[in-house]
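Dropping the structures in below, format is structure tokens.
One chain, chain A, links the two complexes that follow: it is found with chain B in the first and with chain C in the second.
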Partner chain A sequence: MVQFLQQLINGLSIGSVYALMAVGYSLVYSIMNFSNFAHGGVIMLGAYFGFFGLTLLKLPFALAFLLASIGTFFVAILVERIAYKPLRERRAPFLYFIISAMGASILLENLVIATIGPTFRTYPEVFSKAPIELGPLAIGRLDLIIFVISAVSLTLLILFIDKTKLGKAIQAASYNVKACALMGVNTDRVILTVFGLGGFLAGIAGVFFGMKYTVYPQIGNITTKSFIAAVFGGLGSLPGAVLGSIILGIIETFVAGYLSSQFRDLIAFVILIAVLVVRPTGIMGKVTEDKA
Partner chain B sequence: MKKLLFAALAVALVLAGCGGGGKSDVIKVGWLGALTGDQAVWGENELNTVKMLFEEYNAAGGIEVGGRKYTLEVIGYDNKGDPQESVNVTKRLTGQDKVVAIIGPNSSGNAIPMAPILEKAKVPDIATVATNPKVTVQDGKVKPYNFRVCFIDPYQGAVAAGFAYDRLNARTAAVLYDVGDDYSQGLREFFKVNFEKKGGTIVADESFNSGDVDFRPQLSKIKASNPDVIFMPYFFKEVALSANQARDLGIKATLLGGDGWPSDQLISMGGKAVEGSYFVNHLDYADPAVQDFKTRYKAKYGKETELNGFLAHDAVLLFVEGLKKAGKANGEAIAKALEGIDVQGITGRIHISPETHNPEGKDAAIEKIVDGQYVFQEKYAAQ
Partner chain C sequence: MDWTYIQGILMLAGINMIAVLGLSLLTGFTGLFSFGHAGFMAIGAYVGAWISASPTSTPAGLGLPFVLAIVGGGVAAGAVSYFIGRISLNLKGDYFCIATLGFGEAIRLIFNNVNRFGGARGWPGVPGKSTFLAILVADVVAVLFLANLVKSRHGRNMIAVREEELAAQIAGIDVFRYKMLSLIISAVYAGVAGVFFAHYMTFIQPKMFSLTKSTELTIIVIFGGLGSISGSVLGALVLTALPEILRTFEMWRLVFYGAAVILIMVSRPKGLMGGMELTPSGIRKMVAERNALREAKARLLAEAQGGEEE
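Let's look at the complex of A and B:
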């Protein structure tokens, strides 16, 4: 039982980081219908921004954290303006967007390798490493903080989308961008908002990932997992992305903890494929019918 | 215009080709290792060492081989820590650059697939920190062109197991290892065999995949088995991550490792989590024999050498002695000359056994991490 609860805590801690990353994929997909693979690169930059904020600028944690999120907010917008906007204006096929996204992702990774260097770096210790012990259970302080901040920021995001005018516009655009534009919504602004929001969360995810593990130029590769979690939960659905991430984190931990880590990815992905075969839109994906 | 440029280029190439074989007496030596990725710290350190030593030899007038003076030139390539890339790089060094010998790589996974190309090209390779037995011996047969200056995994695993049982009085041990890595698998296997032979019990045997950053599921399982020591035979990045996570989970067991540990990054990253841990090393950093090299390296590059530098140093030494003994700059002759050679290196006496191509009778050093420093404990030789 102790084992079970401890593994559940481990799973939630991995899942919450996946969730922060997955939401960025889902947001962009809901409007633009393509997977923004450059998102991994933005997360990686967030980790570096936070790292340099703490070490070079010697900022207090809260400010370094803010610097990272605001930094990635602008990076994400920049990526949209440079890599996607020209394609949008020319009404390029979606395949071109995906290729442009991959290009942006490779560019960001190699930019960091060339300027900052290929070796990994470690965040200074911000929170004590001593775990909070609840009887035989151990909960890392950082894990708890990550979980709480992730939950708060994801709730705020969902509230923003549900309650504000801009949020409503995003919802409308996710149903049909063209019709939305015809109704007088400034879709360009909607798209920028979506990228900015995704970028902001990417900064948070990057800082947390860097603190939990390390900072290195290939962090973006980890986001493959969160992308899959987003698909599993239903691309385009925010609660779906969160749920998918938590489930993926828990499945992974349980397979590694009870069976063997060699089977971890194998079993996790077999389950994901099985779910997608039964429900191609993912757990909470929107069902869109093509009206020809 | 384009044609003219082409012709000029062709002439230049021919001239360059003539220059290599004719007038200037240069012996080309290859090097491969990681210059990007996780292990870039070590690769850079090795290549710097080889460059520095070659410059020193050349400044002293070069090396006399068969009555003629030669200067040494190193051609170093990045293998990105990837076995496939190591094969490509080896092909390039032997086929295109025509080197007489190769130094490196620093890991077994990258050294093992090089053998068929070396044999075809008849170019010997001296690995630095590739400790898996299969680097030089496969299926009981010695590979004619593979050599090394470090001791092998069975020896490291046996040393760690013996030390844990005899000196730390550990009776139960857990192992966490990387299934995707020959090095890690080798150490784990020999640790288990030797620890059980001593009378100890392996209470948990957990694995992870290369590239993983989260080890909590496995560590939670290890915690439940309550071992005296945890053996972590893998590289410093994962060591620091898993040590931090182990402490996060409230595991208090002593951590034990191999020569994949030592690195400044382990201390900066692992911090308190690795404090009080022990690891098996190739040499003692405070040994008087290594001080001269340490100071020369620091003076030239402005930073401390890593463990790899010391072994790259001895690999260069071994190559130069082999070259002199062979009496000609020919890969096949150098390989012959290396068998049975006996050189006093800075990491210890290197006597290359003709049967295994390993340096025989090298002592291992046990080090402990105390206040963020590696503190030499004792020289330990496993029976």
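Let's look at the complex of A and C:
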């Protein structure tokens, strides 16, 4: 029982990091209907921004954290401007967006390898490794902080989308971009906001990911799992992305804990395929009809 | 640059070309996009290695001739693609893409965990039987088969599915069957490419067949131009050689590669040869279209000038 609860806590912690990444995929998908594979590269850059903020600039943690998220905010917007905007203006089919995203992902990853180097880097210890004892349970300080900050950020995101004018515009655009533009909404700004929001959260996620594991240029490949979480929850749905991420995080830690850590990655892809076969729109995805 | 070096690059390009031609049928002629074809290459590579590796090596193989390895690798990849197709071909656009991505990665991770085939450490004892001549012959056969297929009734049905799925169905084409046929043929191509790859490298490892490899194949198809066989051939040659030529820039070459991919998508989305072929009749068509365009332009210009004078 103790082991079960322990695994559950670990699962919630990693699941909340996945959630921060997954909402980035989902936000973009909800408006532009394509899977933004460059998002992994943005998350990776966030991890590096945070790392250099802490080590090179010797910033306090909160500032390094802010630096990372503001940095990725601009990177995400830059990627949109360079790789997607020209395609958007030409109304290119979704595949061109995906290929362009793959190109951006290759570019970002190798830019880091060429300038910073391919080595693994470990974050300096910001929070003490000593766990918080709760009866028989030991909760990692870092895990707790990750969970709390992720939950706060996601709540703020949902409030932003629910309460602000720009958030309402995002909601409207996710139903119908064209009609939204006809109603006088500046869709270009909506799209930039969506990329900016996703980028900001990607920075937070990158820092947490780096702190929990290590920082290296190929982190982007691991973030594919958060993409799976977004598909699992239903692409285009924010609550779905969060729910899918938490479930995936918990399943993964349980598989690693009770079966074998080798199957941890495989299980994510098996879930992906199972979801697509049984219910392609995921747990709470928006149903898009194929207009032939 | 000596001949062995150039020959090595050409062989690698030839191997990529087989896989790209298969993917070209699926993507360029049937309109389905896959991010999992490296998985089929992996199946071909591993089955081929198992058939031809000597029984005394570790991991042990069957020690059978290379030709059987080619057939076995292709058939195995085709058979797996049939099951994948049964499950995923009904999915629409983006979701089919994601499903193939899932299958491709799952295949890689399964090989990663199967110790019989060397697991993550890989399989070092594959005999180096991929000769320049063998690859050349395979490429010629692959091109001829594909060129005839797309001109046949089956190929035209596939193109109809690409152009307008619903209309094709109304016209009496069994859409699912033609998608399946296209997927299986492309998987067999990828499997055969995998066999040649294994026997060229003489060492295979699951991480050689990652999502990056699948993406690379799709990028080559798009770069060459959708719906063009000669485009795929040119694309495989150019994009396999490009990273080698850029090797002097070492670390930066993949940065350029990524930038080039974005640039192509943004500026020349039709690829090198979108819908065009480098055959005598194809070239005539291309020249005729260009001339027609130029004449139309000249006429419009003349009319505009005439209008101003009035």
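Everything that follows uses one rule, which is that the second predicted complex is superposed on the first by the 274 of 292 C-alpha atoms of A that agree within 3 Å, B and C clash if a C-alpha of one lies under 4 Å from a C-alpha of the other, contacts with A are read in each partner's own complex, and residues count from 1 in each chain.
Here is the rule we use: contacts are C-beta pairs under 8 Å (C-beta built on N, C-alpha and C of every residue); 3 or more make two chains touch, one makes a residue touch a chain.
Keep in mind that what you see is a predicted model, and the values were worked out from it rather than measured.
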In the superposed model, which partner reaches more residues of chain A, chain B or chain C? C
Could you look at A:Q6 and tell me whether it touches chain B, chain C, both or neither (first, second, both, neither)? first
A:S105 in the overlay: touching chain B, chain C, both, or neither? Say first, second, both or neither. second
Determine, under the contact definition given at the top, whether A:E89 touches first (chain B), second (chain C), both, or neither. neither
Quick one: is A:S35 in contact with chain B, with chain C, with both, or with neither? Answer first, second, both or neither. second
Touching chain B and also chain C: which chain A residues? 113, 221, 262, 265
State the interface residues of chain A toward chain B in the complex, per the touch definition above. 2-3, 6-7, 10, 13-14, 113, 118-120, 122, 125, 129, 131, 133, 138, 140, 142-143, 212-214, 216, 221-222, 252-254, 256-257, 260-262, 264-265
Within the complex, chain A is touched by chain B residues 36-38, 40-41, 179, 206-209, 211-214, 216-218, 220-221, 223-224, 237, 240-241, 244, 247-250, 265, 268-269, 271-273
Spell out the part of chain C that touches chain A in their complex, as residue ranges. 33, 87-88, 91-95, 97-99, 102-103, 105-106, 109-110, 112-113, 164-167, 210-212, 215, 218-219, 222, 251-252, 254-255, 257-262, 265-267, 269
Given the complex, residues on chain A that touch chain C span 33-35, 82-83, 86-87, 90, 92, 94-96, 98-100, 102-111, 113-114, 221, 224, 228, 231, 235, 262-263, 265-266, 269-270, 272-273, 276-277, 280, 290, 292
